[in-house]
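Below: one structure in structure tokens.
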Amino acid sequence: MTKLNWGMIGGGEGSQIGPAHRLGAQADGHFTFAAGALDIDADKGRAYAQSLGVAADRAYGNWQEMLDGEKGREDRIDLVTVATPNSTHYEITKAFLEAGFNVLCEKPMTMTVEEGEDIVRTAEATGRICAVNYCYSAYPMVRHMRHMVASGELGAIRCVVANFSHGHHADAGDADNPRVRWRYDPAMAGVSGQMADCGIHALNLATFITGDEVTTLSADFASTIPSRVLEDDAMVNFRLSKGTIGRLWTSTIAIGRMHGLDIQVFGEKGGVRWHSEQPGQVWYTRLNGRTEIIEKGEGGISEMAAHVSRVPIAHPEGFPLAVANIYVDLAAAIRARRDGTPLDPAADHFPKAEAGLRSMASVYATVASAKADGAWVDARPPMYR
Amino acid sequence: MTKLNWGMIGGGEGSQIGPAHRLGAQADGHFTFAAGALDIDADKGRAYAQSLGVAADRAYGNWQEMLDGEKGREDRIDLVTVATPNSTHYEITKAFLEAGFNVLCEKPMTMTVEEGEDIVRTAEATGRICAVNYCYSAYPMVRHMRHMVASGELGAIRCVVANFSHGHHADAGDADNPRVRWRYDPAMAGVSGQMADCGIHALNLATFITGDEVTTLSADFASTIPSRVLEDDAMVNFRLSKGTIGRLWTSTIAIGRMHGLDIQVFGEKGGVRWHSEQPGQVWYTRLNGRTEIIEKGEGGISEMAAHVSRVPIAHPEGFPLAVANIYVDLAAAIRARRDGTPLDPAADHFPKAEAGLRSMASVYATVASAKADGAWVDARPPMYR
Amino acid sequence: MTKLNWGMIGGGEGSQIGPAHRLGAQADGHFTFAAGALDIDADKGRAYAQSLGVAADRAYGNWQEMLDGEKGREDRIDLVTVATPNSTHYEITKAFLEAGFNVLCEKPMTMTVEEGEDIVRTAEATGRICAVNYCYSAYPMVRHMRHMVASGELGAIRCVVANFSHGHHADAGDADNPRVRWRYDPAMAGVSGQMADCGIHALNLATFITGDEVTTLSADFASTIPSRVLEDDAMVNFRLSKGTIGRLWTSTIAIGRMHGLDIQVFGEKGGVRWHSEQPGQVWYTRLNGRTEIIEKGEGGISEMAAHVSRVPIAHPEGFPLAVANIYVDLAAAIRARRDGTPLDPAADHFPKAEAGLRSMASVYATVASAKADGAWVDARPPMYR
Amino acid sequence: MTKLNWGMIGGGEGSQIGPAHRLGAQADGHFTFAAGALDIDADKGRAYAQSLGVAADRAYGNWQEMLDGEKGREDRIDLVTVATPNSTHYEITKAFLEAGFNVLCEKPMTMTVEEGEDIVRTAEATGRICAVNYCYSAYPMVRHMRHMVASGELGAIRCVVANFSHGHHADAGDADNPRVRWRYDPAMAGVSGQMADCGIHALNLATFITGDEVTTLSADFASTIPSRVLEDDAMVNFRLSKGTIGRLWTSTIAIGRMHGLDIQVFGEKGGVRWHSEQPGQVWYTRLNGRTEIIEKGEGGISEMAAHVSRVPIAHPEGFPLAVANIYVDLAAAIRARRDGTPLDPAADHFPKAEAGLRSMASVYATVASAKADGAWVDARPPMYR
């Protein structure tokens, strides 16, 4: 099993996302870090890439250079990760797909629904993989919940309750803090604040676990700190295509919630809940039964979960390896395509361009609903209506 | 400190609420169980009351008899608890107030907003105490959270998130179970199912802790089991008068939530959360600080909490003694009125008729909003607009 | 079901234990508080008893007066609670037993093993009930664990691990605090500090739940604060008669443990654990299975637990009602003896004089072992060897 | 910062420890996997190494070949990891140290105390790094507790309580299961079962966090399943050199404890506790204060913890990255020695040969004490007495 070649755009020195992707790509030995255009400052980017072991001729000054350089190589990269500022994702992702590369794009995949539809169509047309980094969906026990729903263990799903609320932007004194301010300024963040930043992860989990899609929704937005234009607290009621009721709360002013991403799924035959701060367990209660704790690594855990687990029961794996799980799946998918072999079904649960598109459509729908006093609106991308 | 005389209407043999009130009234030695009309069957009620130590001449066959009997006595009861079926609360409560008795009424205080306004006016006119059994508000640490808000420790309150969701009516096979069915049948339960039964407790906590009132709200109701007419899952967005954002989720199909009453309050300077299954702790996080666990009974706990605590730190007190705390307060209030002494401010936090009225107005508002696709509606009783 | 008459010795104004016993005796309506000698100051005791509703002629100045007064009455008390200073328990308990009264004695029942044997023999000779207030054993879920062992659900018990460690005496600056100092001074506390105060509760739970008795033990004592003579931290290894291994840790300097009484029981077929700060749940794991949470009040809970539960699933009951449960059992036992009816087996699990004796023998054994560098010693009272 | 060269002995296809070390070495980009002798079957080992990207001439058939091959290379490996069966650790580690290589040895470092002393002396004589994989000590929050003790935040340490108890070998039916049986058979496991396997990790944590060493101890061993010769449950009382009291419980029959490694440290000024199943938090209580939750990644966390953290607050990192943290430290230490630069003090907390030796001395001491009915014995290696 030879290693695949991997490249990254963005994620330069000092960025938080860069090390996460490098660890994710290299932790399990599937990818060699072969090429990079890591920084907006071309010289710094080239130097930094080389310091990380990238050969000088593949340490590029910008993404266009990298596209040109890699396109012609026989040992061209098998996958490129796009970890640049949000507003550039669309252009870069599209260019690499069209040149025949597989892409893993940071979220949000695009800034608009239209761009999202274009990426989905481009990926289809080129036959390349376009993945989006909804990494929470790659936790083993999130995968296991998806398995439980798919296998019918929970029965038809009646209700899903998802939260992603923290208190890290609760300080009104942060109004001039540039690391915080931009998130609530439409000029920099776009149409939505916390919903686009965090809420969307929780909503993606709701659809990932249920294997279903959001059809309509109603939203209530609030900006609880006067200096903010975009929402810092939002409640969304939604419906999935099979009739499931959904509730989503997301906030940045929930002081005391450190990383409050949790989800509860209630079916006819049982309920489950999971919290990202203790990701190795699912609390499961059968109808009229006791609550049981399902442990990552227990005997009989689903193949979907086992596929992305490394260490025995009750040894936590953590967030960086959830990112790595996306790369585990991508390596399998790339090899299967390359070799013309069937893809292990357990590896086919990484988030794809469609998820990136549906997320963006949901964000726009919440914005529209909130502006219309909570009126129910269609949350589907036009191309899927 | 001589004991006060107490009487009860309803709560006969086999009822759940009867023992709770008797324990509540007698646990701390404030009340003697002196009179009762405990059962719809007059003979059974008289016999049961006597078996519990009530004198034969004060073991009544029905509430009218009891009203007549007690009215003329010099040692007449100081407080009557109304624990009859919901639809009779209004009539009985009103009659006893008008005859000069203090009343503790089970929730809901009335079936309509109009009746609620009438009770509030009657209590005012007669100068009698009319309390409603929102017993969760009497937990020491709920009182302490109210203290924290009132004292400004949390700053202005931005957001309150309250849940009361359980899974005890999640079995579709219960459609013919009489103990469950009536709750979702308008003919028996009135305008609302789970919102009126449980949601209202959570909403009452939100207003009790913040010391504020609901002004407007928007609701999304669902009946997830086909046989049900009334809602078994509801989400309510609301606003308090000082601008606080509110979110309330209540459900009966949330399998795995055993008694999921919890509340989170987020202010400018800190956040707190409390869960009814572990009522002796409040998790408190100061802005930019660590989470701290406030323990019932810790040094320096507020007088508001200490007033209703009996045992040292980390010894749980539990639900029956929360009910007893209502009686602790009522005993103090009755004695203060009787003796013309000032009421200890720490004892003046029991839920009053106004809370019963505001709750009913909120329930009706959720029903109206849910019918209007979540339109925002005024949740205030007309007399307070 | 007429009420029984109850009296108390000790527990005067300002004591902590007095209100706990009064609440315990009266909460469920089984006992009328009929007589008392509540204070070392006769006048204060008489006045206080009357303020609590005791008739003037049964508000006694001291225990001898009370013994004389009650002995001759036709409506003599059915049960007396002894809540005086530890060194007087033996004399008072013995005197009341010999006069034909049932007794509930606070722990420790006696100061020596010899006295303990005398009480056991006196109770046997007189045919009176002598109970000891090991109230933690009366929590519903502790009873349920006893049921699980007795029914064979856990198989033969291999190991039991009990802790009762808190940090409330961790302040070296308390050396002159009279509320703390006496506990570590042999002149006042006797042979043992924390082992006699708290450790003994945990050891009692170990024997109560397993239905077995301590045979031998080895102890390691430490006085971690220089001003202390008696131990403030102790580890005890022990063996039960059926071969179970035991470990017990008890400490008063474990800062951060608020009320750290917990117990784990491991059998051939499963393990359980329980923590006094959340007493309504038992965590249960079957061999090779998942952890399940058993809830007080769940469907199918043992009769042993249901017998001492009052409110539905997930409504906590708390410590004061654990004390009340002792009185629930005693009321049933007293009535059965009085009426010559069989005692409901579910009510026969209150701690008896034998438990008080065995506890004292264990404490003396730990002291002897600790002095002998941890040598294994016989922990059985001589009369049971 | 060029990558260092890394080699591994053992950890072949199908082993659990192999992937953990490869992930640990490569996750953060410090090491290139350059050489390996991965399997007892030379051909399989060579093939597997090459499949993982090792060049053919550095995919060796056994460790002697690897020693010879690497010794002469200019680009020789900077670090070798020894992950072979326990009984071979000593010989291989010694040979590589003597040839001038840095070594990371799996635990136990040796089978006897004498061998341990030899390794310590060899490392000193050669000036090479010899580390031992006590990976739990590399969790960020374990490091932070070490910082808290070292900085005096907790005051003098009075007591440390460490547990490592699980229930994964509780099935008596496993007597013939080869994966379990060998652990309790002296012919295969040596002098100790669970104490040597798991207890030693907890004891190492106790010394790591306190910065102190075990001097004397007393042990109680039990074999609760008849087929076992070596202990499956052990309790150890110990003393550290500065007078701290220690308690250690370790078991394999504690059904329901999934990975029960936890530690509590109690000082004059505060107490902390940590549990390996939720490794990102430390619960901290100041004397007479509330419990606070210290979060990995919080503002102001110690440099000792920050040095081995990768992702923000409340994003769990997990066990595989604790192993990686050992490699992070080793990379820093190797570079500092190579470059003659001072080692970042935050990187100098990896477990060294001395820890491996002291652990082995402690295990032998527990065995001796248990055989002598718990007599207190000296736990120090002779060379440190």
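For reference, chains read A, B, C and D in written order, and residue numbers begin at 1 within each chain.
Please note the rule applied: a contact is a pair of C-beta atoms (placed from the backbone, for glycine too) under 8 Å apart; a residue touches a chain by one contact, two chains touch by 3 or more.
Treat the numbers as computed from the prediction; the structure is a model and nothing was measured.
Novice: Tally the contacting C-beta pairs at the B-C interface and at the B-D interface, and name the larger one.
Specialist: Looking at contacts between chains, B-C has the larger number.
Novice: Greatest Cα-centroid separation from chain D: which chain?
Specialist: Chain B.
Novice: Between chain B and chain D, what's the gap in Å when you average each chain's C-alpha atoms?
Specialist: Centre separation, chain B to chain D: 55 Å.
Novice: Could you grab the centroid distance between chain B and chain C? Build each centroid from C-alpha atoms only and quote it in angstrom.
Specialist: So the centre of chain B lies 35 Å away from the centre of chain C.
Novice: Of all residues in chain C, which are in touch with two or more distinct other chains?
Specialist: Answer for chain C, listing residues that touch two or more other chains: 258, 288, 291, 295.
Novice: For chain D, which residues count as touching chain B in their complex?
Specialist: 288, 290-295, 298-299
Novice: In their complex, what parts of chain B are in touch with chain A?
Specialist: 158-159, 161, 167, 170-172, 218, 220, 222, 224-225, 233, 235, 237, 245, 247, 249, 251, 253-258, 264, 266-268, 270-273, 283-288, 291, 373-376
Novice: Where on chain B does chain C make contact in their complex?
Specialist: Residues of chain B touching chain C: 1-3, 16, 19-20, 22-23, 26-29, 32-33, 51-53, 166, 168, 258-259, 276-280, 295, 310-321.
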